[in-house]
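What follows is a single structure, written as structure tokens, with notes after it.
Naming follows writing order (A, B, C, D and E), and every chain is counted from residue 1.
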Amino acid sequence: MQHAEPAKAGASPVVVLREIHKSFGALEVLKGISFEAREGQVISLIGSSGSGKSTLLRCINMLEVPDQGDVLIDGEAIALSGSGQTRRIADENQIRRIRSELGMVFQSFNLWAHMTILENVMEAPLVVQRRARSEVEAEARAMLDKVGIGSKADAYPAQLSGGQQQRAAIARALCVNPRVMLFDEPTSALDPELEVEVLRVIKLLADEGRTMILVTHDMDFARSVSDHVIFLHQGHIEEQGTPAQVFGATQSARLKQFLNAASHA
Amino acid sequence: MQHAEPAKAGASPVVVLREIHKSFGALEVLKGISFEAREGQVISLIGSSGSGKSTLLRCINMLEVPDQGDVLIDGEAIALSGSGQTRRIADENQIRRIRSELGMVFQSFNLWAHMTILENVMEAPLVVQRRARSEVEAEARAMLDKVGIGSKADAYPAQLSGGQQQRAAIARALCVNPRVMLFDEPTSALDPELEVEVLRVIKLLADEGRTMILVTHDMDFARSVSDHVIFLHQGHIEEQGTPAQVFGATQSARLKQFLNAASHA
Amino acid sequence: MFDDIAFWVSYLTNGKHLTWYASFQFTIFAALMGGALAVVFGLAGATAKNSRFLPFRMIGWFYSSIVRGVPDVLFFLFFPLAFEQGVEWLVATQVCSPEMIAAQTAPWPPCREANWFLGTTEYLLLASVSLGLVYGAFASNVIHGALRSVPAGQLEAARAFGMSARQVLWRVHIRQMWVYALPGLSNVWMLIIKATSLLSLLQIADIVLWADRLGAPNFLPSVGLVHDDWRWRYYLVLFVFYILVTWLSERAFEAIMRRAGRGILSEAQA
Amino acid sequence: MDGFFNDLAIMAPAVLFNIYFALASIPIGFVLAVFLALGKASPNPLINRLSRGYIYAFRGSPLFIQFFMFYSLALSLNVGLWKPMGWSGVVLHPLFMGPLVLILNTAAYTAEIFYGALRAVPRGAVEAARAYGMSRRQQFTRVIWPNLIRLAWPAYTNEVVFLFHATAIVYFALPVLSGQGELMITAKGLFERDFNAFLHFSVAALYFLMVSLIVFFIFGLVYQRLMRHLPAQPRMRFAPKWIR
Amino acid sequence: QETVRIATEGAYAPWNFLNDSGAPAGFEIDLGNAICEKASLSCEWIINDWDSIIPNLLAGNYDLIMAGMSITDERLETIDFSQNYFPPDPSKFVAPAGDTVDPANLSGARIGVQGGTIQAAYAEENLASGNTVVTFSTADQAMADLMAGNLDTILADGAYLEPVVAASPDAIVFVGEDVMIGNGVGAGLRKDDADLKAKVDEALTALKADGTVDKLIAQWFEGRGPYFAE
């Protein structure tokens, strides 16, 4: 196992995970995971199916509460009470504030079907951040233009293609102006053609220097977009490093096998 | 196009099809098909998906009523009334008698889910042929032994593997002691491993000299088991002959292309 | 203490209470009979809806929409009365002479000789038929849907073996239909059970009528135990009775489902 | 024909009582049902058991019995409770007791519908709401509820129609104030005068059918509006499953 | 022997009620059986709710009503009556003891009656304005509401109320003036049933003459009367 190199040195850590453990019933999915994401860093989580990538990502914004370990956002630890599988969020106000700093994009988009695209994007700024409508609307439209679906603002999600929906979901996440963007396989529910559109948008964000943590199964994309790649295996970080190290100078036999399989899929 | 050679010469024709046409709405699936199956002959129908193989087979026992043309079983024409797409079976008693002479094995088995395997096999002899229960039961058990699932007599279809279900379906068809057995892709719903069991049983029947018409996508099997192979294309018989002629000395460009594709699948 | 118990035991087992307990038979009979008839009418309705013959389809449609478009109480009252009048009218066309009709002062029946006396038994039967008709409309919908849920291949296989249309229907189609219909029919059954509470509206001395009579306040020792208004206690008993029957029915349907689903439901294999 | 129009006129005021009973119970029953459905879905064991028990009891017993039981219960509490509070005129009034029992009853049926819909609300949509930092209340009002009501609407429409039908038995169980008969009592009264079952019951049925169709039409319009976010709108069918 | 079906309500003690063994009993049941014996008829008792008791007679579901039914002109339009078997008797108001109710000038009062009775008709006609007339399907239900304080007063047959008031003088008292309505109680029958009417009348005349009717009244109404002999 390698040690994480200080990527983008000097920048402060935005997300810190310390010894995260998580079990579902008897199945231990995460067995002590630690890493940090610094300002402007793009981190890719890779690993075979069931290795716990989604679970790890969901622990960051406490959609799953870890059984052990801490999550720090901007140096502030998320308060949890209890222990083991009964561990719970201790402070509802804190978690709501922190969650609105973390923009999450789901594999299956999870756009709110009963709102138009514009309403979807404006919802969190209006309702959670309580910002002024006129300001939010301008920003939301700008964001939709940025991801390339400005003309669809008044359509409902069901009227959009998958790629358009995912881009709307990205705009929705961006509009809360989060410190970090979290992506869980943002393209795996899409056809290869639609995938391209979404990957382009994510690349754009990476180039802008946005902090991002993404789960992906697309190794080429991971290589081209990330500063740091983490390979999860059986609940542990089996190997991590720059794309060059991980893909170029693979150490672990597991990772070799995984990359081999991935290139043939 | 070649002419059918008199395979097993001297035997009488059991099934005769004369100029069969069949359309579904505007789509003309069969555009005039004629062939005959003699006593003891094994005929394979091959062709690409959608070429009308299943439809043709289903016309033989009138699960689909052809729009034009006649079907003769043992020299007796099945009586139809009306014409075109409103053509119907004219004589319910005749068709029931004839159908019980034609054992059909479906792609998806279609075992009756609410009966045990033994009850499935005994149903038609008891209910349609009105034979004595004791006699039928002995025969049914013998038939199940023959196809190798004697021990499953009292299980329900859902408790069996696909291969076992298909063998039960073959036993069910055999137990009415039909003049001809019709198989519609009897193995295509099965895993390759299970397929083997079923093909073995069909081979056994072929070797016993049973008259059979089968739709198959397995060219090796068609070659090894049949006396006569018919290639359907766009509603016509594009080519037919002995396996040696059809597979060895292919004439039609379509068939060449088809065989080529099949061998790479 | 013992005197108390003895008193209550004897009170609760006096003839009036025994008659009350006995009247549960009417409720149970009406439920079972109504349920059986609902299935029969349901099958008939579903067959009509599936018919190739347009007028039958129309009748099936009309039956299930009209009966369900009006309150069950209305139909429940209307049917027995209308049936009685129908029979009396038919009889009248045979037996009544013009003089007899002229002599009749009451608005119905046309003449006295055509009168059909309805007692508890007749009303109970008519009530059951009435329940059967109303809930048969619901059942016909359930069965119609269930018939269409049976996989086409199952029917095709039967046809391919030379079964007649009737054999296909009874030996395969309807046998398999039950599994798909049972959840819906269980629902209909619960409705029928609850509708049996309306029997007293048809002059049947059922559990509801007796609960009212037993609970009503009594001031006269010569009539029986003097007590206040106890009706709500008696109705509470009925309330609990019906909940219990519902609960038992649910358990029973689960068991039936397990049996009927053998081979068809994958859960049933365990 | 005269008889027919005559009946139409006589029953016109009567149907207003049915409509009153339905209108008085639907909104409150609706609100109560929301809480019961949430209760049934609640992880708190006490709230959960109570809601479940309530829903089971009221769906498992006949409305007819519920009417009798609650009326005589209210009556026996009169001397001790309502009378001293000066409520007796209101509580025991059929125009109060009727809707009260109907509310208790429809709340249970509606709660079951809402509970089913609640469990069908897409998990992802709720998760997204959580991930954006919405509070529990915001999650409910902004995401869960709009989804729930859309899912529940067709079944709820049927429940409303059947609640309307259930108003037919109110006066078989409660005392009647003079001149306040609803459709069923009026039709039965007319029948007992001239035994013309076909005429009087048909007219009553016609009224019930008409109001049912109107309810259905209005609720259908609402449904269309609710479902405007879906390109192909599912058609609502009049296929009532629940009645009491 | 001809069978006669007699309908009664069974919820109007002591006229007719269901006794502890669940069978009909009371003054009218004894009297009815006596009539049947006198007229050599075989009798069968049927329990029928009050509010449909006349319609079901007309519909032919029984032949005779003996259910404390007063003979009135309105009823005579649809059915016929035998001669009365209970003398004309005043209707009375009762109220919970301690309440000050004056039936002579009621206003805003809740008046309980049994639906379809002469008292109900009287109340609708004379007392409905300014008051609420509440209709119950049995007299016992009305009594329950009165005891529970949901009614200010009940108007009912004196002979029905007398025993109740006598049995619980601390709870219920008579108030105001009696009201004379009705021409006594008789057995209701269909208009075209002249035969039966003749038989019942003949038997009643005999039973009145030999004192049986008065004896039964004395027995069931605790010696309070009224009697035919006076």
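One rule holds in what follows: contacts are C-beta pairs under 8 Å (C-beta built on N, C-alpha and C of every residue); 3 or more make two chains touch, one makes a residue touch a chain.
Quick caveat: nothing in here was measured; it's all calculated off a predicted structure.
Enquirer: Which chain's centre, taken as the mean of its Cα atoms, is farthest from the centre of subunit C?
Expert: Farthest by centroid: A.
Enquirer: Determine which of the two chain pairs, C-E or D-E, is joined by the larger number of C-beta pairs in contact.
Expert: Contact tally favours C-E.
Enquirer: Where the centres are mean C-alpha positions, what is the separation of subunit A from subunit E, in Å?
Expert: So the centre of subunit A lies 85 Å away from the centre of subunit E.
Enquirer: Take the average of all CA coordinates in subunit D, do the same for subunit E, and state the distance between these two points in whole angstrom.
Expert: 40
Enquirer: Using CA atom averages as chain centres, what separation in Å is found between subunit C and subunit D?
Expert: So the centre of subunit C lies 23 Å away from the centre of subunit D.
Enquirer: State, to the nearest whole Å, the distance from the C-alpha centre of subunit B to the C-alpha centre of subunit C.
Expert: Those two chain centres are 50 Å apart.
Enquirer: Would you mind listing the residues of subunit E that make contact with two or more other chains?
Expert: In subunit E, the residues touching two or more other chains are 52, 58-59, 141, 144, 148.
Enquirer: For subunit D, which residues are shared contacts with two or more other chains?
Expert: 72, 75-76, 191, 195 - these are the residues of subunit D that touch more than one other chain.
Enquirer: If two chains touch, include that pair; go through all of them.
Expert: A-D, B-C, C-D, C-E, D-E
Enquirer: Along subunit E, where are the residues that touch subunit C in the complex?
Expert: Within the complex, subunit E touches subunit C at residues 5, 10-11, 13-14, 17-23, 46-49, 52, 56, 58-61, 78, 138, 140-141, 143-144, 147-148, 163-164, 167-168, 190-192.
Enquirer: Spell out the residues on subunit C that touch subunit B in their complex, using ranges where they run on.
Expert: Result: residues 151, 153-154, 156-165, 167, 171-172, 175-176, 179, 262-264, 266, 269 of subunit C touch subunit B.
Enquirer: For the complex, give me every residue of subunit E touching subunit D.
Expert: Interface residues on subunit E, with respect to subunit D: 52, 54-55, 58-59, 110, 115, 124, 128, 132-137, 141, 144-145, 148-150.
Enquirer: Spell out the residues on subunit D that touch subunit C in their complex, using ranges where they run on.
Expert: Counting only subunit D, the residues touching subunit C are 56-57, 59-66, 68-70, 72-73, 75-76, 165-166, 168-169, 172, 184, 187-188, 191, 193-198, 201, 204-205, 208-209, 212-213, 238-244.
Enquirer: So in the complex, which bits of subunit A are touching subunit D?
Expert: So the residues of subunit A in touch with subunit D come to 61, 63, 92, 95-100, 102, 104, 106, 108-116, 123-124, 127-128, 156-159, 172, 176.
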